[in-house]
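Each of the next two complexes has chain A plus one more chain, namely chain B in the first and chain C in the second.
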Partner chain A sequence: MFDYNFHWRPVLKTLPDLIQAGLTTLEVAVLSMVIGIILGLGLALIRMHMKGPLRWFTVAWIEMARNTPALFQLFFFGFGLGAIGINLTPYTIILAGLSFNCAGYLAENFRGGFQAVPDTQLKAARCLGMNAWQAYTRIVIPQVFKVIYHPITNQMVWAVLMSSLGMLIGFRELSGETQFFASRTFRIFEYFAVTAVLYYVIVKIILAVSRLLAMRLFRY
Partner chain B sequence: MQNSISFFTGFGINDLWFLGEAALKTLWISVLSISVGTLLGTFFGWVLHEGKLAATLTIAPVLDVFRSVPLIIQLVLFYNFAPIIGLNFDPFLSGVVILTFYTASLVANVARGGIEAVPQSMRRASRSLGMSYWQDLFHVVLPIGGRAVFPAWIGVVLGVMKDSALVSVLGYVELLKASQVLITRTQEPLLILAIAGAFYFALSYPISRYANKFEQRWSK
Partner chain C sequence: MIQVRDLHKHFGDLHVLKGINLDVNKGEVLSVIGSSGSGKSTLLYCLNSLEQIQQGSVHVDGIDVHAKSTGVNTLRQKLGMVFQQWNSFPHLTVLENVALSPRIVKGKSKEEAIAMAEKQLKHVGLGDKFKHYPNSLSGGQQQRLAIARALAMEPEYMLFDEATSALDPEKVGEVLDTMRLLAEEGMTMICVTHEMGFAKEVSDRVAYFHNGIMEEIGPPEQLFGSPQSEHTRKFLANVR
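Entry: the complex of A and B
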């Protein structure tokens, strides 16, 4: 029943490369989160406050991002745009796809966050003599931030997990690198087992950092 | 007089059938793994709630792994691990097994949240009225807690349905894989991806809409 010999040596030999690839994964995830947060904030504000074509556009974006698989979105940025002459590198494909996806999900989180802060807060701030900018940055945004802090952490974890799809479009992040080495040595199980551990560690680090930050930010 | 031979044939009505069939396969693998995974996950959630210490030491870390490692890695890992221990699973079965556990790990948290959403006093009241533990669980906790976490559960369902696209990595021809096959043949990525996207949208959007309506009715 059990006549398989595990060979961990090739994996250990290429472990530095894998860790390097893990950093690439982290880089892509962080970058796409930063872009996603900026775009998502814009989408949420437009969806809440505007009417007309711009609003339809944001609704279409958000619903597309939330109702189709992330892999489909990556294929769209890869093959779909390639068909009309826009050829992106794997790095840009994964960055664009993840940012598109994160922006869609985060927009809804932001919308929930803004709705969680009562209108009266803003009015009270304005009554106390703050101008709109002060009221937003000192009263509304801190409260919104507290509501969406946890969803943003979750989304960050998702971004790391989703970046593994880079494997399927030929991008050499952690999964892609693993796939590359695995097909070179035929030690598929061993390589992917180690990669699974690396992903687990990355996710745990993100969660730990987020918890530490939360302790620092939300103490009073 | 034809000078060159075309290797590619255009997109025809049969291909639409092919995509439709593939969409049904996506639906089938999702329904199967979501229903089994939900039952399993609810059970795990109950165990997590009841056996505090024992569960935290045993199944909680295992479920955590399923949430912290990319699904694509889990699929490849399991697909290559099964033959090692003498199980010959085809891509469909491997996909179902992993998707089931993945769903279960997500639902476990949801279910625990649901059980904890029912006030302790209400459960004491039902026990005082002479209900047995199981009666209390099925007639009080299930309806009340179930409603509290219904939106979260729908979120899991939609997520798993979209993530089922990743089973294509193992070679199971579901919607996304089918679109890849057609793209290779017809060389019309934009059209085919648009159709595949429309299928996903048609599967996912009504569920989220319907769930929203339910949520609004219950929150009244």
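Entry: the complex of A and C
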């Protein structure tokens, strides 16, 4: 009834390649988070403070990023743009797709964060003669970051896990690489089991770094 | 000197200030009393352009506060403001709270800004709290921090918006003492307050506001001793 023989050797032999692919995964996730945070902050500010077409655009972005499957968003940047003649590399597709998705989620986190900082903080800063830019960058945004620090960490974990969709557009990050080796050796279970462990380790590292960083950043 | 002429302020349909005329001289301490919703705090917000006005004018040292050409950020350096909810910046230490705006607004060097902050914090009795974060301070200490923060900008006027109303009763005294100290040093102050004792002892003049109108203004002896208006008499009878 159970006649599957485990063969771990091929997996162990290619472990360095898998770890290399894991770093690619991490790289893509970090980059798309950096882009996502910048765009998300912008989207949130536009959504809160502006009217007209630009606001509609940001609302549409946020709605689509949050309410459609991430895979479809990725396919849009891959096959969608490909259909009208814009051919991006797999790396660009996954980066664009993840950034688009993260920015949408983070925008809503930022919006909540801004609402959590009392507007009297802004008032007090302005009363000291700070201009709007100084008041936002020195007083409001640092406090917003504390409020949404843990949601940002969650999003970072999500970005790592979601980057595995890259495998479906031919990008050889951790899952893509695993798929490649698995289909070459037919040790499918073994490869994906090891990769699952690698994902787990990557996420745990992120959480540990996040916790250390929080201790340094938020001493109040 | 601060000159307010025929000042009207509306919040939508609500007519909050109905033609205020007021002069505050350099070195004077003016207390503004009256029940909630009488427009006292709104008056302060109109003085430093936190609120726009619909009619009339406010001049601070000859500068038209609400003129389009007036740079509010420069103007506000003249007018220190202390709020009811002290609004300390929670992510900065006590010292950074005070040193930040001298540095980034006035462009002082880091050393100068820190020296100024230390001086003002010692002044209000927080000389031992430089490295603390505001959340480890009591309400009274945070309010004194707010006063030091405003003073570090070397303002010529201090506006107090019910600076003691949100404090525990036993913390009110220390903040009033600090305000008293400033008054003795000759700071020009406008204090919106519910502390009748403070208004009586410290102010040169007291103004009573009722429904957006300044009913009465005069030296404390006169206003508390022989109030002219019926509304003032009623109010004072109730708060005593």
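Everything below uses one rule, namely that the second predicted complex is superposed on the first by the 219 of 220 C-alpha atoms of A that agree within 3 Å, B and C clash if a C-alpha of one lies under 4 Å from a C-alpha of the other, contacts with A are read in each partner's own complex, and residues count from 1 in each chain.
Operating definition for what follows: a residue touches a chain if its C-beta (ideal position, glycine included) is under 8 Å from a C-beta of that chain, and two chains touch if they have at least 3 such contacts.
Predicted model only: the values in this text are computed from it and were never measured.
Q: Quick one: chain B and chain C on chain A, clash or fit?
A: Because the two structures are overlaid on the shared chain, the partners are seen to fit without clashing.
Q: Touching A:L128, do we find chain B (first), chain C (second), both, or neither?
A: In the superposed model, A:L128 contacts chain C only, not chain B.
Q: In the overlay, answer first, second, both or neither for which of chain B and chain C A:P142 touches.
A: Second partner only, chain C.
Q: Please work out whether A:F189 is in contact with chain B alone, chain C alone, both, or neither, and reply first, second, both or neither.
A: first
Q: Touch test for A:G80: chain B only (first), chain C only (second), both, or neither?
A: A:G80: touches chain B, not chain C.
Q: According to the stated criteria, A:T120 is in contact with first (chain B), second (chain C), both, or neither; which is it?
A: A:T120 contacts chain C only, not chain B.
Q: Taking the superposition on A as described, I'd like to know which of chain B and chain C A:R219 touches: first, second, both or neither.
A: Once the two structures are laid over each other on A, A:R219 reaches chain C alone.
Q: Which partner reaches more residues of chain A, chain B or chain C?
A: Partner with more touched residues of chain A: B.
Q: If you take every C-alpha pair with one atom in chain B and one in chain C, what is the shortest distance in Å after superposing?
A: 24
Q: Just to be sure I follow: which residues of chain A are touched by chain B in one complex and then by chain C in the other one?
A: In the superposed arrangement, which is not itself an observed complex, chain A uses no residue for both chain B and chain C.
Q: Provide the residue numbers of chain A that touch chain C in the complex, in ascending order.
A: Against chain C, the touching part of chain A is residues 118, 120-121, 123-131, 134, 138-139, 142-143, 146, 218-220.
Q: Under the definition above, what is the set of chain B residues touching chain A in their complex?
A: 65, 68-74, 76-77, 80-81, 84-86, 158, 162-163, 165-166, 168-169, 176, 179-180, 183, 188-190, 193-194, 196-197, 200-201, 204-205, 208
Q: In their shared complex, at which residues does chain A touch chain B?
A: Of all residues in chain A, those touching chain B are 1-2, 4, 63-64, 66-72, 75-76, 79-80, 82-84, 157, 161-162, 164-165, 167-168, 175, 178, 188-189, 192-193, 195-196, 199-200, 203-204.
Q: Under the touch definition given earlier, write down the residues of chain C that touch chain A in their complex.
A: Where chain C meets chain A, its residues are 48, 50, 72-74, 76-77, 79-81, 83, 85, 87, 89-91, 100-101, 104-106, 133-135, 146, 149-150, 153.
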